[in-house]
Amino acid sequence: MKYAFFPGCAHDTSAGYKESLDAVCSKLDIELLEIPDWNCCGATITAGESKTSSLYLAARSFALSEKMGYTQILTGCNACYTTLKKSAKYLSSDKHRLEAANKHLASEGLELTKEITIQHVMDIIFDKTPKPIWDSYKNNALQNINIACYYGCQYTRPWLTGPQSDRPEYIENFLTGLGFNAVNHSAKTLCCGAAGAMPNADIAKKLVARIADGVKKESADAIVTICPLCQLNVDMYQTQPDIEQIPTLFFTQLLGLYFKIDLENLGLDKLLISPEPLIEKMQNLKSA
Amino acid sequence: MNVQNPKIGVYICHCGMNIYPKVDVMKVAEYAKTLTHVSVASEYKFMCSNPGQELIIEDIKQRGLNRVVVASCSPRMHEPTFRKACETAGLNRFYFQMANIREHSSWVTLDSDMATQKAMELVTAAVKRVSFHAPLYTKDVPVQKSVLIIGGGIAGMQSALTAADAGFKVHLVERETYIGGHMAKFDKTFPTLDCAACISTPKTVSIGQHQDITLHSYSEVTELSGFVGNYKAVIRKKPRYINEDTCTGCGLCAEKCPVSVPDPFNENLGNRKAVYRSFPQAVPLTFCIEKKDPAPCRISCPAGTNVQGYVQMVKTGNYQQALNIIMERLPLPGVLGRVCPHPCETDCRRSLTDSAVSIRDLKRFAADNAKLEDVPLPKVEDRDEKIAVIGSGPAGLTVAYYLRRKGFKVSIFESMEKPGGMLRTGIPDYRLPPAILDAEIDHILSTGIEMNTGVGLGNGITLAGLKEQGFDAIFLGIGAHVPVKMNIENEDADGVIDAVPFLKEENLERPGSAKKRVVVVGGGNVAMDAARVAIRSGAQSVSIVYRRTRNEMPADHEEVEGAIEEGIELINLVGPKKVITQDGKVIGLECIKNELGPADDSGRRRPVPVEGSEFIIDCDMIIPAIGQRVESSPVLEDTDVDLTAWGTFNVDQITFQTSVPSVFAAGDAVTGPATVVEAVAGGHRVVRAIEKYLNNEMELLEDEIRQENKMAGKNDFLPVPEDVPVVKRAKTSFMEPSERKNCFDEVDLGLDEASAQKDAEKCLNCGLCCECMECVNACEVKAVDHEMEEEIIEVDAGAVILSTGFKTFQAEKLFQYGYGIYPEVYTSLEFERLNNATGPTSGSIQMKNGKTPERVAIVHCVGSRDSRNNKYCSRVCCMYSMKFAHLVREKTGAEVWEYYIDMRSPGKLYEEFYDRVQEEGVHFVRGRVAEITDITDHPEDDGRLTVVAENTLTMKTLRTPVDMVILSVGLEAAEGSEDVGRMAGVSRDKDGWFNELHAKLAPVSTPISGIFLAGCCQGPKDIPDTVAQASGAAGEAISLLSKGTVSTKAEISFIDPELCAGCKTCIEVCAYSAIDFDGSRDVSVVNETLCQGCGSCSSACPASAAGVKQFTDLQLMNELEGFL
Amino acid sequence: MSEFSPKIIVFVCNWCTYTAADLAGTSRLPYPPEVRLVRLMCTGMIDTKYILKAFLDGADGVFVGGCHPGDCHYIDGNLKAEKRITGLQQMVKNFGIDENRLKLEWIGASEGPEFQKHMTDFVAQIKVLGPGQTKDRMIL
Amino acid sequence: MTAYVIKGNDKNPVQAVKELFSKLLENQVDYIFLPGKSPYSKLPMPMLISDTAHMENLEPLAPAAPFNSAKQAASVLKSNTNKKIAFLLKPCEKRALVELVKLSQCSIENALIITADCLGRMENSTYLGLIEDAPGLIEAFLQDKSFQDKITSSCSVCTQFTDSGSDIHVNLIGCSGSAVFVPQTENGEAVFKKFECDRADIPTARENEVEQITKKHTENMETLSDNVLSKTKDVEKFQELIATCLNCYNCRTACPVCYCKECVFLTDIFNHMPETLLNRADKKGIIKLPTDTTMFHMTRLAHMSHACVGCGHCSSVCPSNIPVADIFKIVSKNTQDFFGYIPGENTDEKIPYLNYKKEN
């Protein structure tokens, strides 16, 4: 299957997200077509000044996607996901906003005419791929691998449609289905501090410390994230003193390990906290 | 035309500022004056006030008005007021019509001109309509002098006592086993800190003792019909299984009861027994047994053994009672404790969490540790009828034993020298030691059964002969002993011996007949037995040849395992093709390899031979074990009994009778080779059939069985608790393989006492009451009756009071507060129980680990004042939260934080209580709690919960570590109030509370006259308000009943006999059967006492012969004329 | 020319929808002024004559509001009304009266906001359908 | 299916029917009810006969009827008299009678209902005009297509000209001039056991001919629909159709299923007070009198269109030549299709408005 893909500004430079996503997608026969000349999703502007400017930014990427023939856009970043989804909702439900945005787009010869839907790339990987591929790697011994799923604060916003709650179990259910032991913890949707990390590093550190505290209670072997900003912050601040260090991976990296994809194709060496113990544990599993 | 010269007065109300100025009432009045027949039109500030009404009365009197229209508020509000005014002036009250220009115009219309215009049209329609009004008259009918009260909380109790003290009969219906409602769970009450029990017990006791109050506890009203003054209710009284009249409340039954379940009265913080009383002071004091559907183990046992019962008895160490329970259905407990394939364990719900209870081993344990001779026999009269049982296998022994227990004379005829049938010849001794079998058969015979061994059909007796000897019924339990052939070449060679004769010989005589290299053909239990016996009787190597894979093998898993452990080789996917002989003796078995093809009828994949894959297994002995069939020829010798295509006896599936009426059959002889327990099950069905047959009640059997089938399969079981610990399944110890393979000693050594009890403890008590009958034995006054059934009671009542109370908000819905996730988060009701002297901790406020909390947070407005849940304020939470704070401070000295949005303490002494609690040092934080989490910022707080909230007074986010959190959950309408509302015709508001007639002026009445509301069913309220309202509701009811009569409705149907064509359509549509047909005139006639005035008849009648008074076609068509 | 202001007759039962209308009033929930409520004890009382009279004498729309199925104060009067009204919708359709001009809805006693919404929506719908055929004409 | 012909009369259907009824009256029933003529008019009217002496007055199978005789049949069957009566009805009359049974207007327990293939009826004037010149008209009509084209508009669109629910049905169509009696119930079967008659086969040509007529009538219906629909498509156009209605209520009197003792339009509800009329005139500036004519027709449609059997007598009796039956035909087809209701088929089928209870 082919999908239009909106990478967002953090995707390519993240610690192995791009590599592992590509590897997993090719395993699952998913082709991600990067929207040509995409631009900033607008997250930072929304947070700052102008809602309308952020809307125009999103509208431009939407129009580009429409032009390439796709009305469904995938992204792997929670900030992009929320911002784009919000923008898509505003644009489709308010024709005045749509007209205003199209006025701007006209200067580039672009126009947004269709309703755009936004999906996290994870949703596609979990829901739209053939079960037999997954099943052929199933291993009961994986239940010794304790995974703490971390959703971040954006993916389960209550106004979004889709899996949502304060204590989501979407990723857990999927990983449990593969054989992993997904632990229940209290930090699933806490803020990672990304939005304020630059100006308020001390606050961000405190926030990550709470995440680590929630996860460590359940003796997790790894934290799995679904967003480059989350991954960066949680990984980075755990290296500070007084904080428990738990390898923090992208979900695609874990799936790569599950599929036994070559390690060098998963970008695991870019992680700050070494995933070695996890990799070793997974490689030493007795198959049952 | 029934009106001559209408003179209409029109009165427009300002309703203060509610109608005017939005509606220009002056303009409306001026306009009204122009309408035909209107002789006066005026406006006034408050038409409902005395001067307003006087205005109407004066005009009627002075100006001779004969019609009145008032344009004001909703007729649901003041129609009675103005009708009364008309009546006062001497005008029939129905010469009045109301135009609703407030709720339907001024309040809902934004534009003033439009509102005025609408008001004018509403007035026009009313004026047109009222011209066609006619005087109506009502009749007085007597009322029932009794009150029905639904719900026995403090509200229902107060209403009941008030009404009963006034001399009226009261039926108080409560669905729980006790009265007192939520208040019975409280410890203290705010603000005075009275002990809740101290103030409510006098009331409960009075209820119990009052001569005019009939208390229907553990009961529900299922139907309510009739009308004001004459209601009829149907009450369903659930069975307590304990007689209310005789139970003394001593509690011995509960002491003996082995079943412990979470106690809902204690909010599941503690446990109670299956027979229970919620609290010691409960009224009525009668205990109650709670039953669910029979447990799955009991259902799946072919013989219907009360598995849960004996497992519980093993748990409590009462092995004799366990054996007694087993012997109710299984005559061979030790045998089945060893060889039963235990379908019960397959269905055991414990396997949902870890593993099934080791039921079979527990049965064996009970059998091995109790005495057969102490099993009580029912005391029955001996009967004269004689029954012949042919065959002493499990089916025959079952039939013999249980018929004997019913008093019949039983003789067994066994063709072998020793009784036991296949149990003796087919099951090897290492699985079933002969001593066990002998002892159990001896016990069966000791009840007075005659045993004739060495006598069988074709061997001394015949069916006809038995009949001649005077046997009234004959049971054929001859089993299936004839081997089935393999149908391959050289099958009869020396060295081929079938498993059945092989096992028989080995079991009875033990000649050590096995040769060196043995091949067993087959995959069933018989094959395993043959293989394992072969190795014991001298074989050096034993192989089992099976045509499918191990997965498809029908043999029990344990048996296959045991065989492998003893060094027996499994050769799978192989079929026998030919016996290779030399000099007539076996030297090998030629086999062919199979592949699995598509599934066959049994669901197993069919083996398909692979061509050219033949090979030879060298051996000198071949034991085919591929099946047995029934030896029917001796039976057929003198009597023609129908056989099936399989050669088994053809019996009726209900009566188990063969084609010869007095001859019954069961066991392998009917089913073909099957398990012991299935033979026992068949035996039981025959016992029942023979008893019915001899009692000449055979026709009852089918009904009985159909009834049982109907009852089965509802699957309402005790829910599996969430926090069940994982417990490893008890394993019996085994003899070492090396040791056992050389002897016939019993391999399985059984469970030791400790592991048996531990495993029995795993039982989840799916059926709740396990029917072990310990309570029956314990009860000195014989009050326990397990056969009790529900009762249906009908009562009459003149008035009904609904007092169905409330339930608390489900705290799980607010994930962020972690209820159900963190053990130290409690709801307020849980805290009430924790703090209550009769509660699970006897009133000590402690955490689940037994420690006293040092820091406690109380969270207000959980589920209240929350747009995502309930928007309303639950009114009681602030006050009870402060009560908690005070109690925690007083009892534990812990630091307490109250997180509130606004403090609501309006009430006598309430604000003072707030002051007092503040002075006691409780921290008050204004801010809704955002989150409760186990994540802490400081390592020293590890293990504590953190309450996250913004203090909106200091604008600071607080993260407060605490040991315990109490969620002050809000109130919601009680479970089932929707059904009660429907039944009574009382509507509920959007939150589910019952609608009162008027929020201010009729707070305890409903739109349905004669039905009143008391307490929280109408909306959240505290105890003082509840009691006040309950007294009010009782007062309304008393006022209604004291008058002695009620007026019938005037607005009911009529049928004009001149117009009625007698088509009976109205009779068909009438939901109240209120229309009769008068055959002498060929017209329908309304029964005025039954008619409710719905008008279904009127709209169904094309001739408009049927109509509703005050809603006639003429009136409505003219009202429309006014609008259009 | 001023905007078309339709004339709408609303038949309501006393127990549910009239109460809901009262509730909309006490809650001050505004809705278009074009609706005229006729109170009946039950929707099961509605004669086809009333609805035809409305349509033939100038009403642009007719709305019937009753209790939810199962909640009828008279057991199943609302179901009888439902059958009759669906039949009538078919009948008037023959004469070019759009079936959407005759609407049946269940509005429970506590559903003041729903009453407001239904009134607002129905008036809007009738405005879209335009004036009925009988207004200011010599028809009855 | 067993069928019978009457010996000796196999080429004269009128005579065959007469003979059957005569035999019935002789020893199976107490009365017979079928069209006959009085000395005073050539138009056949329903006759109730107790004595075989009057058989010569009978005129079965005449292509004329001044009204649908279901109401008259019902008046004979209104209450239980314990008398057996045999009826000869046109299929539309039998259907109307079944509807009246559902409305408790009569019981057909003691009735033997005999129906005959109906090739339609002529308006009274047409019939009277023709019968003057052609005394053998009835027999000729059954054969001669040119006569058959003179039937009423309603009959020319009727597709229910045979019957399957009566006790005995007389097959005429495709029977090349003979009458073939087909018993359709046990009661019908019993009739033929009691006297001698010949067993016969239903002619094979019948099926085809029935189909032909059905096809033709269906086509006629389509034409009619096109014509009428253009006049009923809105209320104002409809006025053109009924403009001359004088509220005489003849149509409802003639209607066999309008069973009210007195029409609601004759009651006070529509018998307006002067001020009502004046108010209406005030409101609109001008009103036409009599009022409520549209109301009358639509109410009758609302009340009865589910039960309309399509006999067409409403049109026949209209002094203003309003095609009432055509309007009914179109509307009732829609109503009956909507409810899946076939009026007059069997007495057990519930009237749609009484079928309001929901499953579970």
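The letters A, B, C and D name the chains in turn, as written, and every chain counts its residues from 1.
Going forward, contacts are C-beta pairs under 8 Å (C-beta built on N, C-alpha and C of every residue); 3 or more make two chains touch, one makes a residue touch a chain.
It should be emphasised that the depicted structure is a prediction, and the values quoted were computed from it without experimental measurement.
J.: Which neighbours do subunit C and subunit D have in common?
T.: Both subunit C and subunit D are touched by B, going by the contact rule given at the top.
J.: On a CA-centroid basis, which chain has its centre farthest from subunit D's?
T.: Computed centres place A farthest from subunit D.
J.: Express in whole angstrom the distance between the two chain centres, defined as the mean CA positions of subunit B and subunit C.
T.: Centres of subunit B and subunit C (C-alpha means) sit 43 Å apart.
J.: Roughly how far is subunit A from subunit D, centre to centre by C-alpha average, rounded to an integer in Å?
T.: Comparing mean C-alpha positions, subunit D is 77 Å from subunit A.
J.: Roughly how far is subunit A from subunit C, centre to centre by C-alpha average, rounded to an integer in Å?
T.: Once rounded, the distance between the two centres reads 52 Å.
J.: I need the residues of subunit D touching at least two other chains; which ones are they?
T.: Counting only residues that touch two or more other chains, subunit D contributes 264, 269, 303, 353.
J.: So which bits of subunit B are touching at least two other chains?
T.: In subunit B, residues 1069, 1100, 1104, 1113, 1117, 1121 touch at least two other chains, as defined above.
J.: Can you list the subunit A residues in contact with two or more other chains?
T.: Within subunit A, no residue contacts more than one other chain.
J.: Report the topology of the inter-chain touch graph, choosing from line, ring, star, complete and other.
T.: other
J.: Note which residues of subunit D are touching subunit B in the complex, please.
T.: Per the stated touch rule, the residues are 78-79, 103-105, 259-264, 267-269, 273, 275-276, 279, 303-304, 351, 353-354.
J.: So in the complex, the part of subunit C that touches subunit D is made up of which residues?
T.: Of all residues in subunit C, those touching subunit D are 48-49, 52-53, 55-56, 69, 76, 79-80, 82-84, 86-88, 90-97, 133-134, 136-140.
J.: Help me check something: in the complex, which residues belonging to subunit D touch subunit C?
T.: For this pair, the touching residues of subunit D are 232-239, 264, 269, 280, 284, 286-288, 291-295, 298-299, 301-303, 305-306, 330-331, 334-335, 338-339, 352-353, 355-358.
J.: Would you mind writing out the residues of subunit B in touch with subunit D in their complex?
T.: Checking each residue of subunit B against subunit D gives 1, 36-37, 1058-1065, 1068-1069, 1082, 1100, 1102-1105, 1113-1114, 1117-1118, 1121.
J.: Under the stated contact criterion, what part of subunit A meets subunit B in this complex?
T.: 165-167, 184, 186-187, 190, 206, 209-211, 213-214, 217
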